[in-house]
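Two complexes come next, and they have one chain in common, subunit A, joined by subunit B in the first and subunit C in the second.
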Partner chain A sequence: MRANRIIIHVLAIGLAALVLAPFLWLVRMSFQTNADIFAFPPHLWFSPTWANYAALWQSEFRDSFVNSAVVTTSSTLLSMLVGVPAAYALSRMRSRSNALSLWIIASRLAPPTAFAIPYFLAYRDLHLLDTRLGLVVIYLTFNISLVIWLMRSFFENTPRALEEAAWIDGAGFWRALVSVVLPTAAPGLAATAILCFVFSWNDFFFALILTRSNAMTAPVAVVNFMNYAGWEWGRIAAGGTMVMLPVLVFSLFVRRFLINGLTAGAVKG
Partner chain B sequence: MEARGRLTRRSLLAGLAAALPAPAVLGQDKAKSKYAGTTIRGAAFSLPFHQYLQNYFPEFEAATGIKVSFDIQAFPIYNQRMDLELSTGGSSYDVIIVTFIYQNRWIGAGWVTPLDEFTADPNVTPPSWDTADFVRGVEASMRDAKGRTYAYGVEAGAMVLGAARGDLIEKAGLSLPTTMDDLIKVCDAVNGKDGVSAWTADKLHHWNWPPYLQAMGGRIFKNPPQNLTPMLNTPQAAKSASWYANLITKYGPPGILSFTDDQAMQSQLSGRANMRTNAITWAAPLAKNPNSTVKNTVRYGMVPAGPAGDFPGVACHGFGIPAGSRQKGAAWEFIKWALSKEMLSRLVKEHGYPSVCRRSVIESEPFKEALTLNGQDVAALYLKVLDQLGDGAYMRYRTVPVFPQVGDKINRAIEAIATKQMSAADALKQAQQQAVEAIRMGGYKVDP
Partner chain C sequence: MSLVLRFAAPRAAAAASQARQRRRFLTWCLAPSLAVLFVITLAPMVYLVVVSFTPLNLTNPATAWRFDQPLLNYRLLLSDERFLNSLWVQAKLSFWTVGLQLAIGVGFALLLNLRSGLLRALRTVFLVPMVLPPIVVAIIWKVLYTPDISPVYWTFKALGLSLPALITDPNWALPAIIAADTWEWFPLTMLMVLAALQTVPEELADAARVDGANSWQTTAHVLLPYIRGTLMVAGLFRLIDSIKAFPLIYLLTDGGPGSVTEVTNYYAFEQAFNFSYLGFSSAITVVLVAATLLLSWVVVHMTGWGAAE
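Right, the complex of A and B next:
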C-alpha cells in the first residue's frame, strides 16, 4: 500500500510538473533579457530583471489591462445578475420541455467566427466598436447562457422543501431566494462566476474584431508585441504572465468552491 | 479710406511677396485653409517606418491644421482587422497601409481609392512630388489592370544575402556565393567552423523558398493574377524543394525547422549561424543592432542565382486610402507629406531608415551613408534588387488573394520533405492537390 501511494505521489508530481512546465518557462522568460532568452545552450542561471515588466507598464498594455479588468468584472457581474434569476425561474418551471433551454444555449453552439461579421456590422452602426460597453454586451450575451445552464442544474438539486419552509415562515419570494436558495447554491455560484470570468478575461477573438486601441484588452495587447521587424519575447512573456495572474489568484481564492461546485451532482442519478 | 481701393507700388510689392513663398509652404497653406480642423484616422502595423514618422506628426499638424491619429497594431492583427474593415465598406480609417500580401485582394475588390485623381491635379499635388520617382517594380503591385495607382510605397523589403560570419568564408578561400551551386560549396566549406552553422532560416518557407524555386525554372502559379493554376507538382519544383530542404536541414542550426523570424535573426546576431537570405529590414541589423556580435564580420550579397536566373523576393507595403474614407482629401495631404522626398530624406538622415521606395532618395548620399554596412555599399545592392524586380512580374504570385492558403500548403510540404516524412515529389503532389482545392474554394478557376 505504502509503495503504491509513493508511486501515485511521484506520478502526480511528475504530471503537475509536466502541466506547469510551459507556464514556468513563460514566467522565467519574463525575467530574462533578450540575450538570456536567446542564449544557446540555454542558461540555467541568469540575473533576473524587472525590465520587461517596467517596459510593459510604460506601454499601452497598462490601459489594456485596466480595460480587461473593467470589462471582465462588469460582464461577469451582469451575467450573474441576469442569469441567476432566469436559471432559478427555469428550474422551478412546471413544463418538462427543454426547448427553451436549448434556445438559450444556442448562442454557444456556433463557433465565434459565425457571429463575427454580424456583430461587427451591428456594432459599427451602433457606434459600439472600440468601446468597453460593446465588449461587456458581447460577453454578457455569451455568458448568460452559461450561467443559466449551469445554475439551473444547481437549483434543481436544491430541495424545494427549503424554500417552501421559508415561505411558511413568512419570507417572501425574493427573501427566500436570497436568504435560503442562493446560499445553498453558493459553490455553484462561485464556479459559474469563475467560468464567466475566465471566458471574458481570456477572450481574444471578439476583442480582436471589435476593438481598436481605446478598448483593447490585455490578450490582444500582448500580441501587439509581435512587431513586424521582430518579436519582443521578454515583453510577450511578461504580458502573458500578467494576463494569467488574475485568473490564477481568483481561482486560488475560490478553489474550494470551484471544486465543490464543479463536482456537485456528479454522482446523482 | 481713399487709399483702400488704390493700387499702390507698396501694396503691389506686399501682395507679390505674400504670393511668392516656396511651393511646399504654398501647398501646406492651401491644405491648412481647406482641411484645418479635420482629424484623420490612420492604421498601420508596427513598421519601423511608422515609428520614425510619428515623431514628425506635430509638424504636419502645425502646417496643415489636420490632426492625425494612428492605430498601430501587430502585423497579423492589422491584417485581420483591416481585411474585415475594408470588406465591410468601413469608414473608420482614412489612411492605411496596403499590405503586400493583400494588395491584389484589396485593390481588385475596389476597397481602396485610386490615387490618380489626386496626383493628376497639379493644384492638389505639385509636379515636384514626382510620382515617377517611386521605383517601378515597387509600385507595380499597387496598380490595377488599368494602370491606376492605389498606394505609394512606404517600405520595400528587398531580399539580400547576409553572411554574419563573412570572415569564415574568406578564411576558407572563398567569396560570397553568387549561384546556388556556389552556395552549397560555401556551406560545405564553412559549416560547423568555429561552432557556426553555415545557414539559417525561419519556417516561413513560402517566402524563403520561391526565389530558389524560380531560380530553378519553377513557379508557384501558372500566370498570376490571370491564371492561378498552381505549379507545385513540376519536376523543377520537386528538384528545388529537395535542394532547399537539404540546405536548411544539413547546414542549419539545431531546431531550424521551428525557427520564427526572430529566432533566425538572433541565430545570426549571436554568431551561431552564418548565412541567410531575407529582406533588408532583417539583414541591416546584423551590422547596426547594438546587440549584434557580428558587426565587424558581416558581408552582404545578392540572393544566389540558379540556372534560370536570380529572383530575390521583394515585399512592398504602401500608404493608401480606403474606399469608405470620408476624409480622402485630408488623407492625401498626409500621404503626400509622409512620402515626400523631403520627409523620406529626413527619415534616412535622422533614423537611418533602410527600406525607402523613392529612387532619388535611394541614390542620395545620406542613404548611401546609412546603408554602408561594415564598409559595404548595401544601398547599391538594395537598388539593384529593386531594379531587378522590373515591372514586378515575378513577385505577382505573392499578391494574389489565395496566396496565404497556398503558402500554407507550401510550408507543410517543405516541412514534410525536410523531416523526410515524404519525398519532394510526393509532398508537392499533395500540396498541389490541396492548393487546387483551396483556390477553387476561393472562387477562382484553375486549369483542368
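Right, the complex of A and C next:
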C-alpha cells in the first residue's frame, strides 16, 4: 500500500511534467536568440535574453496589448453591471422558464460564426468594424450569460434571512441588494469577473473578424506577426508568453471556480 | 373574531403590497439583461437566419435582401461535397477528441484519486493547458510540429528515427489536431471526474471490497456508474465545444492539406470571410446552431437548470 502511494506520486509528478513541458518550452524559447532556437543539437544551457520582449514592446504589439486590456475590462464591467441584478432576480424567483435557460446557455455555446456573420454585417453599416466598442459589445454575448449562470448559483447559496432582516429594518430592496446581498456574495463576484476577463481576453475569432488594425487585440497581433514578420520564433514566443501571462495569473486566483465557469455552472469543481 | 380581522387585514394588505413591490423590483432587475440579451443575441440570430435565405455575396451588392429563392442555400448544401466532407471531418474530430479526453481524463482521475497534499497541489498544474488562451495553445503546438525547432523532432532525430511532417501530411494532419486538442482539454474532464469521485461515499467502495470485488471490478461496477452523470455532462460539453474548434485549425493546418482538417465551423468561416459568400455561410451556420441548440437542450434537461427548485 505504501509502495503504491509512492508509485502514484511519482507517476503524478511525471504526468504533470509531461503536461507542462510544451508550455514551458514556449516560455524558454521566448528568452532565446534565433541562433539558439534553431541550434541542433539543442543548447541545454543558453544565456537568456530579454531582446525579444524589448523588440515587441517597441512595436505595434504594445497598442494591441492595450486594446486587449481596455476591451476586456470594459466588457467585464458592463456584463457584471447588467448580469448581476438579473442573476439575483432569477435566484429569488419561484418559477423559471426553460426557454430562457436554454437561450442563455445556447448563446454561450453557439458556434462563433453564428454571431460573427450578423455582427460583421451590422458593424459595416454602423461603422463599428475595427473599433474597441464593437468588440466590447460582441463579448457581452457570452459574458452576460456567464455572469447570470455563475452568479445565480452564488446567490442561491446566500441566506435569504439576511435581506429579509434588512427589509424589516426599513431598507429598500435596492439597498438590501447592494449593502447586504452583494457583500455576502463578494467572492463569487470576484471569481465571476475574473472568468469574464479570461474568456474575453482569450477570444481570437471575433477579434480576427471584426478588427483590422486600430482595435486589434493581442492574440490576433501575435498571429499576424507569424504571417508578416517571417518566422521570428523568439518574438512569437515572447508575444505568446505575454498574452498568456495575465490569464495564468488570474486563473490561479479562481482555480476553485474554474470548472464551474468552463461548464457555465453545470458542475461544481 | 372581528377584532382579529380588524388587525389582520391591514397587516395582510401590507404584506401583499410588499410582495407586489418585491416582484416589481425583481422584474426591474431582470429586465435590462433580457433587453440587452434580446438585442445582442436574439436579434443577430434572427438576422443570421434571414441572411441564410439570401444569396448574399459581399462582392456583389445586388445579392443583398433577395428572397426569390429562399431555400437555395440549403439545397446547395445537400449537394456540396465540401460541406458533406466537413461534416465527416467534424464527426471524426469530435469522436476522437471527446473519446480521448474522457478516457484519459477518467484514467488520470482514477490514478490521482488519493487524499494527498501533493496531488492536490498538482491539480493546479493540470489547469494550465485549459486556461491558456487557445491561440497560445495553437502556437505551442505549431512549435512542436515545426521540424526545425521542435524538441519532438530533435528527439526522434537523436534516436535515428524520422517523423513525417505531421501537419502537412494528409494522413497525420487530423491526428495532429486531435493530439493538440486532447492536450488542451483532457484536464477539464479529469478535474470534473476527480471532483465527482470525491463525492463517492467511501462505504460504497468498501462494501464492494468486502463482497470480494477487486479494484478493477470496484471501479467498473461502483465508481464509474456512480459518476456517470458527470461523465455525460463532461462529454456533452466537450462535444458542443468541439463544434467550435477554430484556433488550432486556423494556425496549424488552415483546414488542409486539401480539406482533411476542414471542420464545418471552419468551412463556414472560409465561405464567409475568405470567399465573401455570407448567405451560403449563414446557412451552414444555421445548421450548426441547430445542432448546438439540440445538444444544449439535452444539457439543460440533464442538469436540471431549467427546473424550479
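Couple of notes before you dig in:
One rule holds in what follows: the second predicted complex is superposed on the first by the 227 of 269 C-alpha atoms of A that agree within 3 Å, B and C clash if a C-alpha of one lies under 4 Å from a C-alpha of the other, contacts with A are read in each partner's own complex, and residues count from 1 in each chain.
We adopt the following convention: a contact is a pair of C-beta atoms (placed from the backbone, for glycine too) under 8 Å apart; a residue touches a chain by one contact, two chains touch by 3 or more.
Being a predicted model, the structure only gives us computed values, none of them experimental.
By the touch criterion stated above, A:38 is placed in contact with subunit B and with subunit C alike.
In the superposition on chain A, contact is made by A:223 with both subunit B and subunit C. Look at A:151: by the touch rule set out above, it reaches neither subunit B nor subunit C. In the superposed pair of complexes, A:238 makes contact with neither subunit B nor subunit C. In the overlay built on the shared chain, the residue A:106 is in contact with subunit C alone; subunit B does not reach it. When the two complexes are overlaid on their common chain A, residue A:215 makes contact with neither subunit B nor subunit C.
Set against each other, subunit B and subunit C differ in how many residues of subunit A they touch, and the higher count belongs to C. By the touch criterion defined above, A:191 reaches neither subunit B nor subunit C. In the superposed pair of complexes, A:121 makes contact with subunit B and with subunit C alike.
In the superposition on chain A, A:181 makes contact with neither subunit B nor subunit C. On subunit A, the surface touched by subunit B in one complex and the surface touched by subunit C in the other have residues 38, 40, 116-117, 120-121, 208-209, 223, 226, 233 in common.
Of all residues in subunit A, those touching subunit B in their complex are 34-35, 38-40, 116-117, 120-121, 124, 129, 208-209, 212-213, 220, 223-231, 233.
Subunit C meets subunit A in the complex at residues 18, 21-22, 25-30, 32-34, 36-37, 40-45, 47-48, 51, 108, 111-112, 114, 116, 118-119, 122-136, 139-144, 148-149, 151, 154, 157-158, 183, 187-188, 191-192, 195-196, 230, 233-234, 237, 240-241, 243-244, 246-247, 250-251, 265, 268-269, 272-273, 278, 281-282, 284-285, 288-289, 292-293, 295-297, 299-300, 303, 305-308. Of all residues in subunit B, only 43, 45-48, 71-77, 80-81, 84, 88, 90, 92, 253, 260-263, 265-267, 270, 272, 281-282, 285, 291 touch subunit A in the complex they form. The part of subunit A that touches subunit C in the complex is made up of residues 5, 8-9, 11-13, 15-16, 19-20, 22-23, 25-26, 29, 37-38, 40-42, 82-83, 85-86, 88-90, 92-98, 101-107, 109-122, 137-138, 140-141, 144-145, 148, 167, 173-174, 177, 198, 201-202, 204-205, 208-209, 219, 222-223, 226, 233, 236-237, 240, 243-244, 247-248, 251-252, 255, 258-259, 262-263, 265-269.
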